[in-house]
């Protein structure tokens, strides 16, 4: 690194506040789209897999394998088909969220105790009705816990979009530029704001959970750790 | 809720940033891209501003990381124009052909690109070039009396080499070292580090390697705190890396004959001013003075009267 | 399908299995950075997770602090650590220390969260009973809670290990070896068979790690608890 540089060039920061704000918003937008679409996909996969036992193990395993595919390889394969577009940028980000989200949603669905399910059946709920009215609400804490982990992870991963150009911006672009042009200030600004964004997202989602599942307030103490445990433990296969 | 409003703002900004702008001027919109390397971005920005000044609408896709992305991008029409280093560009498609002669490299590259993506043309190249430089610390040069690459053979085993991962299969890297400079392959102590990157520069400064491959116009060679020295390529083994705009035939076809000539002339005017000293200056403005790419390009073009 | 055939041919070639760039050596290098990283992360995250799990306090702060290692891209961690580690040791500071640091930071959050969750999931009545029997907090934590929390703990280690295996490929950017070498070199040399071969090897290793943990977890969870998970559906 070029040594006669201050650790943090406050002058540069002052002169680039608008760029910093813009890239932070871009970063937030990219992450939100990835987690949002990732959630939709994971939810669809999970609701399907929960009824097809053999597919379940396969889907969970696939999510793990996809995580190991390097983003540059994915981009290189996508660019000729989907161009240098937002779609190309988001596809790997969405795929990388599946590892955490599919597992957490599936385990959320598993959380309903047998007695409660039997009671619902006895009350005459249809399979679908029971799912919507009973299993889904009980799954909420675990699903949100998965969203929290996925959000923090995605915020750290968004940097990969710099592989397909500067247009998507984001805090990762500051980091890349800082590294390649020997300018530590940009790296620290990018990293610090990424962390702040992640903490903010985590706290916001925690608040969302409290609002979505207020009835679970008392049980949350018991459920939440189970939820978290489920995230890091794979959903039990068939 | 504050969160959803911020998301909406962010999303709309994102759409704005990546939206396709349809041109309102009589000239077609041109998509200009560049590699990730700062110099490539600055030169692409020079092309962009000169063309905008002449009435073109420009969509930029600068900083497209690795060749693995830029080559499919121009071949599939995601971009129409980008600056190309003759030697590296040629070497990407055919490892055996790059030479120290820019004309030969340009011709060879032109032949190959004619068959890619419906035809891609190589326009006039710059007088200046940014070629591979083998760099050591000043103290190493003094210790082993190193001034030229030929001086390395005698002390090769005493050095830790920092060479790019593609060196082994590259005739102009391992091949040149072996044939012209009698360096045995692989060197006794070798670390694989991408050329011209911040990692190899850090490794050189931090004494993790003793000799590394940088780019000849990189300011760090002149401004590093530990003092770096580029060894002279006395056997002239390194490829000519002059910079030429490469442009898709289907874009040129959209222009009238007169516009096409003017288009070429605009880019030639820029290329003509890219001497090696100019490239170094552009690098210093970016890496040392920390100026933004767009500002550097604008100042350069205004000073030369190439834009208003 | 040509690329697939080329990749398989590349994997099967004799030279692929010998020498410093052979699969056995690269695999060993990969594990040599992945294993210590997970262990170091466990050394930090297990006690921390056990503490916040046992006391039930400061969980949000701890989990968010742990999350820092994820919100910062691993490549940025490499870049930040590199100049410092080079100053400490030119020999180890280029490849090993930065990669090890980035991987350890990546591994800490899942282990912390898994341990915390595993402990919070222990039936409070069991803990109370132990307290009633006169056991000290330390005895309770080590002798009662941790054994019961083993599933959560193992799950955290499992996720951490898979993610470290997948991301340790980054070390190749700072001249480390490992399976990432095939990926980085494949990209640099424009050799798709090498690139895809590397990807396949990393994915394969990740699957093996998953399977290994699955077996270990099955062996560790006491049969009584396992039975309780079967339900009418």
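The first chain written gets the first letter, and so on, giving A, B and C; residue counts start at 1 in each chain.
Convention: a residue touches a chain if its C-beta (ideal position, glycine included) is under 8 Å from a C-beta of that chain, and two chains touch if they have at least 3 such contacts.
Because the structure is predicted, anything quoted here is derived from the model rather than measured.
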Q.
Thinking of each chain as a vertex joined to the chains it touches, would you call that graph a line, ring, star, complete, or other?
A. complete
Q. Which pair, A-C or A-B, has more C-beta contacts?
A. A-C
Q) Where the centres are mean C-alpha positions, what is the separation of chain A from chain B, in Å? A) 35
Q) How many angstrom lie between the CA centroids of chain A and chain C, rounded to a whole number? A) 19
Q: Identify all positions of chain C at which a residue touches two or more other chains, and write them in rising order.
A: 79, 83, 187
Q: Could you list which residues of chain B touch at least two other chains?
A: 66, 68, 198, 202, 205
Q) For chain A, which residues are shared contacts with two or more other chains? A) 1, 72, 179
Q. Considering the complex alone, what residue numbers of chain B touch chain C?
A. 66-68, 92, 162, 164-166, 168-170, 191-194, 198-199, 202-203, 205-209
(Q) Which stretch or stretches of chain A touch chain C in the complex? (A) 1, 61, 64-65, 67-70, 72-73, 113-114, 117-118, 149, 152-153, 155-157, 159, 172, 175, 178-179, 187-188, 190-191, 194-195, 197-199, 202, 206, 221-222, 224-234, 236
(Q) With touch defined as at the start, can you tell me which chain B residues reach chain A in the complex? (A) 3, 6-7, 9-11, 13-14, 17-18, 33, 36-38, 41, 60-66, 68-69, 72-73, 75-76, 78-79, 197-198, 201-202, 205, 220, 223-225, 286-288, 290
**Q.** Parts of chain C lying in touch with chain A, wherever the complex brings them together
**A.** 53, 60, 64, 67-68, 70-76, 79-80, 83, 109-110, 113-114, 116-121, 151-152, 154-156, 158-159, 162-163, 165-166, 169, 183, 187, 195-196, 199, 202-203, 206-207, 210, 214, 217, 229, 231-233
Q) Within the complex, which stretch of chain C touches chain B? A) 79, 82-83, 86-87, 90-91, 93-95, 172-175, 181, 184-185, 187-191
